[in-house]
Each structure stands twice: as structure tokens, then as C-alpha cells.
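You will see two complexes here that share chain A, one where it goes with chain B and one where it goes with chain C.
Up next, the complex of A and B:
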């Protein structure tokens, strides 16, 4: 069966596909790097028993959950220009949206992980004379982070995959490059679509798999015996 | 802690505000005038990057196609660098309204609804419906239709609406997808297939057993450049450009460079609008020849 893969050898097509993958990875990795610390802080804040804070953070979380990422992308990319006259590039808008989304999801994961630490851990730390800061720093967070790893890796890979939406705000990433290649060769290789999408699938896999491997390694290394 | 909450609240308010107002039409002055574009040395033109042969990216990563050929000429004549922006059909109007591009040249069909949102310049291409049939049983007219024969049509397209309104007596054979309609034509399930004329012309060019008996049917739709509403300096410049390009038959040259492979040479005059006027070459364009 002819998968039309010879199309990828034409000109710089394969390189363009890889550049597209890099665009997708760059945006998601920058977003992850920013959203993890924000999510950590917000998640810990959420476990404090402040009602006002809890309500505000819940509203934030629900907005992120309810709004499709595509809507958020349009709001940030076009909305900022309409309202404030700020002309953000597609890449910057994408990072903002992914951080807005990632921080909320991360916050909820952290909240879950921290609240899953049994109460006696806090009490034992207190009995040893630790301050609140010390309790979190040495007792609660190290345990919470271990529980967090598999969940947050899941979030990272979801972000990588969701970058396929950013083509809607003019960012040419791997999937868009694939569509461009397929379309440019519609006449000469009408069957190229399957082969090229297969290559895109492999590229996404190669990008996400190492992330999963690192996660598995960390999980084993930090396993609570 | 409190500060953090406040910040968050303001972000949420901003987002909510954006959402609630983004649907309103703003009296905006977001566009760049002709002089501002010239001074900046760059023009942003929104094109398709995956709609061959109108706007696509070749294997070297360069934009190509009928729209792009024209865009490059605009850049050349303005003396500025063309910065191509990859747009999607659904976001073309938004790009103009926010001034993120100066011109949209993305196979943009002129409609009344769109004309309320953006300003269209003179057209440079004309599309309508077309009818394709097997070469040995060519259908070149819809009058005197044999009621035993069926017409193939894709459900939900303008072709279906047109047939129902104008030829209610012709039995239709409806398909949901392009692929199914194509198979039906190839298998002889229907006498002919009515669809966008660009589609049927391209199909006939690739399949010599079929012929486009009726290349123009129904209303003529035109394809034109669009600018942000109110950007008159740029609009006037484009209109003058299209008229003066007509003198050198620019769009015919454009067609021959970019569309002949897909549509063949026979339909050049059916598809191209030269100098902003429908009906073939500019020299031949007499008064009143403007259609649709």
C-alpha cells in the first residue's frame, strides 16, 4: 500500500513537520513551566480554610473547566486587541491560555494531593514542634509531590496534544504543517493523507513518550515503601 | 494572600468582560491606513495555507496559489514586504476587525452578511454552480429534463437549495459526502451532478471521461479582497490596483500560473474577473457586462 510518504522527502517537508512539532512542544513546555509553580501555590492556598479564597479559586477553576480551550484562545488572541488594543502574537496568546488552563488544573491536582495527606502527619509534625512553614516544606509537600507526578504528567501530555488548536489563531504547528503538505500534494499524491497523519501520530508519540518515561522513573524512585 | 485573590479576581473579570464584549461590533480604528503600511515597510495579508490551489504552502515552505500570486504583486507595487498570515475560514472576519491583518485574500466570497462586517474591494474571481456529466451523455441544459433521470447533489449545499427552488421538477439524488456523490456519478446512478463549478471543473480536468456541460448555473458569486471596515485609503488603493492590473490581464496570467493545473485552460474566462469586471478579458469588458 502506498502511504504517500515520498511526499515528506520533497523539498524541506520533513524538516517543516519537525519545526511544527517544535512549535507545539515549545509552547506547551513554556506553559507547563509557568503553570506548575502557580498551580502549586494556588493549590496550597486552596487547602487553607479561607472561605473567600476558596470561592474565588473555585470560580476560576470552574471557568477553566467550562470554557473550551478554543474559546479561551479566541478571547485572548482577538479579545485583547478589541478591548485594550494590545496586539498579542498567536504564540504569546497560546502560552497565556495554556498557563490559565494549566495553573487551574494543577491547582486542583495539588489540592487533591495535599488533602490526601492524612491528618496525623500534620499533627505529628506539630508535636515535633515544627512551624506551619516547616510542616509543609518537610512533611506535607514532599509526600504530596509524589502523588502529584502521575497526574501532572497526564496534564502535560494533554497540553501537548491540545496545541493542535492553536492553528485557529494563526500559529502553524505540526498538524497544520501536515495539512498544508497534504493539501499542496492533493493532485500528485491523493493518498498521502493517511501516511502523513501516521507520521504526525508517531511524532506526537515520540514527544510524549519520554515525558511518561521520566514520570515512571520518578514514581519508582520516590515510591513510598 | 489577599493580594493574590484580588489579582485573580481581576483576571477573571477581565476574561468575563472580554467574553461579553467580544461579540459586540466595536467602532474600531484598529486598522492601519495606506501610509502607515507603507511607512512600516510590511503588509500583513491573511491567506489560506492549506487550500490548494488558492492559498497553500509548497514543499519549500513558501506560500503559493492564486490568492498568493496577487498578494505578492500587491506587496511589490506598494513597495513593502508581504507578511503572510495563515488564516482559517471561520476567523477571516475577526482578523480584519481586530486589525491583525491588513487585507484578507483567502478565497473570500462576497456576501451581504459579510459586507456588513468588512469592506470588500473589486472582485477578482467568479464562482457559481456547475453541472458535470459523462462525456457520452452530456447534459448541457436543465430544460426538458427527462423525469426518469436523477440529478446528483450533496445535501445541505447551495446547489441543493438552488435546484429545489428553481428546478423543483428534477428528481434529486442526495448524498451526504463529496466522496459518495462522486461514486454515484462514476457508477452512473444519476445523469449528472450539480455542485460548485470550481469543484466540477477540477473533477472534469482530472477525469477525462466526464465533461462540464454547464459551467455556470444560478447566481454568480464573486471572490474579492477584503479590508477592515472603514479603511478607505487601503480599499481605494486596492481598487485602483485591480483596475490597472486589468490592463495587463494580470489575473489571466495569475490563472495560468496557478490554476491551469487544476481547472484546465478552458474555463479561464469563466472563473477569472479582470479589472474588477466579470466577463472575460479587460479589453472585451464593455459597459454593462458586469454580472451578478
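Up next, the complex of A and C:
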């Protein structure tokens, strides 16, 4: 059966697909790099016993959980222009939304990891004369990070996959390029939709699989008890 | 003898503000003294130790380490805690660090001592408790008794003036209890000041200079070990000690049915 793969060899089609993949990866990597530190700080704040802080952060988390990412993208991309007259590019809007989303997810992961450390660990550190800061720095956070890394790597792969939505706000990433290629060759290779989407599937797989492998490796290496 | 290391006067502890878990507790601990606290479950023994290390806020009275008041709000509470070593029932080693790194952490980061000096001391102490070869293991690779001995060394390396032991053998299999108790007996012989909460009565009798019997949140009896175990003065102490001995009401060999004495 003809999958229309020959289309890939026309012009610079394969290169354009890879460039599209790079756009998707770039946006998710930038978003990850920004949301991890923010999420860490917010997550630690969430473990403190402040009622006000807790309520505010919970509302934030719930908004992120309830809103489809596509709606968030539309709000930021179109909303900022309508409301403030700021003209954000699709890529910048995407990074903003992904950070807004990623920081919230990261925050919840950090909260879960930190609060899974038993109370006695704080006490035995305290009994050795460690200050609150030393307790977090040497005892609590190193253990929390070990529980956190595999989970946050999964978040990264989810982000990479979710970048397929940003084609809806006009960013030309791998899926958009695929559609363009298919459209341009609709007459000469009507089957190209199969082949091209198959290649897109493989590209996503190649991008996410190594990340998952790293997560699994770290999970095994750092398994505690 | 000199003045006491630890002075507890009229200590009151309550979790809910209504019922007192500890009610008007007063006693002194002198240098080199080994005090064993015994009593039924829920009598407040562990709470007492936790208060002494300011792990729990107290509602009345005073706890003093020499001249320093111990409260959770003392500005120098971190300094005071360095002078009080504590060993917990559930060991509470740090699972992400090896035995040696568990021991080194506080002396290096809190007391700012050099790695070489603390390592030398740690290895010396580890070999004394028979763990020299396990220094590079992680806690999960150790048995309960080994973990508890490592935890004792970790506390000792801070050079505390007094050691608190909170039912340190309660979670151990019977055959591991002894190796931990031996370590504690050795410490007692070396003149360490210790406050021990335990359910091991034979050990209490052997190790203690003084027994404190706690019941219902108060000190019911305070006596030398032989006196306490052979001739308890109060009925409550007698009743408590009876829970450690067993008797059958009927025995076939005797032929006759005998009632409880």
C-alpha cells in the first residue's frame, strides 16, 4: 500500500517537519525550565500551615485543573489583545499558558512529595539541633526530590504532547507542518495523510521515549525502602 | 555532687487544654545518672521525653538544662537541642544517606566541625557498637537492631550532655533487643547521663540508678531499682509489675487446683 511517504523527500519537507518538532520541544522546554522553580517554591509554601496561602494556591490549582489547555491558550492569545491591546505572538502565549499550567502541576507534585516525608524525619533532624532551614535543605528536600523527579519528568512528556494544541493559535509546529505538507500534496499523493501522520507519531515517540526512560531509570536508582 | 544537669519542675502538658497528659512532674537528673522511666502505655512517658527536647510545647512548669530554659520558643533552642541526644523508637535514620553520612550531617553542618575529625570519631564509635563494616551501607540495608545502634552513634557524635531513649527496643525483634541494650549498658558504665523510657524490666533493673514510675500523668513512685522491683511502695506500682509475671491457676502436675495467690 502506498503511504505517500515519498512526499517527505520532496523539497525540504522532512527538514520542515523536524523544524516543527523543534518548535514544539523548544516551547515545552522553556515552559518546563520556568515552571519547575516556580512550582518548587509554591509547593514548599503549600506545605506551610498558612490557611490563606493554602486557599489561594488551591484555587489556582483547581482553575488549572478544570480549564482545558486550549481554552487557556485562547484566553491568553486572543484575550490579551482584546483587553490590554498587547499583541502576543502565538509562541509567547503558548509559553505563558504552559508555565501557568506546569507551575500548578509542579506545585502539587512538590506538595505531595514534601508532605509524604514522615513527621519523624523533621523531629529527628530537630533533635540533632538542626534549624528549620537546615532540616529542609539536608533532610526533607533531598528525599522529596527523589520522589519528585520521576513524576515531574512525566509532566514534561505531557507538556511535549500538549504542544500539539498550539497549532490552534497559529504556531507552526510539527502538526501544522504536517497538515501543510498533506494539503500541498492532496492531488499528487492522496494517501500522504497516513504516511505523514505516522511520521509525526514516530517523531513524538522519539522525543518522549528517552525522557520516559530517564524517569524509569531514576525511579529505580532512587527507590527508598 | 554538683548541681543537676536537668531540672524539671511542675511540668504540665496537655494536648487539648482540658485533660493533662502530664500533671505536675518534678525531678532532677544529676550528672552521670541513669534514670529509667517505666509505666503503663499511655501514662505520658514518651510525651515527657518529647517535652524535654522541646518537640512538644508545654502548658506549665519549667524544664531547665543547667541554667537554660527549654521551651519551643527559646531563641537558642537549636543550641540546647545539640546538648540533648535523642533516640527514637522507629530509628529515624535519614534514608537517603549512608550510615556514616547520617552521623556526619549534624556535627558538620550544625556544629561546623571538620569532616576528618568527625569521621574519625564516628568510625571509632561505630566499631565500638560493631557497625564499622556497615558505615557505607544505606539504612534500608540494615536490620532493625543495626539501625538503632547507628542512631545511637548519630546522637552520641553531637557530644550531648544527656541522652534520651524513647522505647528504642519496642519495634525490634526479640533477638535484636539485646544488642541495643548492651550498647546502652556500656554507655551507662562510661558515665553518660541518660533518661530511658523502656518496657524491658530486667534491663531497667540492671541499668538504672533510679527508677521513676509514671502513671496517669504523674510520678507515682521514685526509688532505687532493687527497692522498686522487690518492694514497690504503692499499689499501682505493684499492679504494674504484676503485668510482667505470669501464673497458671491450674496445673496438672500439682494434682490440686490452686487459686491465684
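Worth pointing out:
In this section, the second predicted complex is superposed on the first by the 222 of 225 C-alpha atoms of A that agree within 3 Å, B and C clash if a C-alpha of one lies under 4 Å from a C-alpha of the other, contacts with A are read in each partner's own complex, and residues count from 1 in each chain.
The rule is short, and it goes like this: a residue touches a chain if its C-beta (ideal position, glycine included) is under 8 Å from a C-beta of that chain, and two chains touch if they have at least 3 such contacts.
Predicted, not measured: the structure shown is a model, and the values here were computed from it.
In the superposed model, B is the one of chain B and chain C that contacts more residues of chain A.
Of the two partner chains, chain B is the only one touched by A:52; chain C is not. In the superposed model, A:85 lies in contact with chain B only, and not with chain C. In the superposed pair of complexes, A:146 makes contact with chain C only, with no contact to chain B. When both complexes are overlaid on chain A, the residue A:183 reaches chain B alone and has no touch with chain C. In the superposed pair of complexes, A:128 makes contact with chain C only, with no contact to chain B. When the two structures are aligned on the shared chain, A:138 is found in touch with chain C, with no touch to chain B.
Of the two partner chains, chain B is the only one that A:16 touches; chain C does not reach it. Within the superposed three-chain model, A:66 lies out of touch with both chain B and chain C [touch as defined at top]. Note: no residue of chain A belongs to the chain B contact set and to the chain C contact set alike, using the contact criterion stated above.
Chain B makes touch with chain A in their complex at residues 1, 4-5, 8-9, 11-12, 15, 17-19, 21-22, 26, 28, 30, 49-52, 56-61, 64, 85-88, 90-91, 94-95, 97-100, 206, 261-262. Within the complex formed with chain A, the residues of chain C that make contact are 53, 55, 78-79, 81-82, 84-86, 88, 90, 92-96, 105-106, 109-111, 140, 151, 154-155, 158.
Across the interface of their complex, chain B is touched by residues 10-13, 16, 41-42, 45, 50, 52-53, 56-57, 59-60, 63, 71, 74-76, 78-83, 85, 87, 100, 167-170, 172, 176-177, 179-184, 186-187 of chain A.
Remark: chain A residues 120-121, 123-131, 134, 138-139, 142-143, 146, 222, 224-225 touch chain C in the complex.
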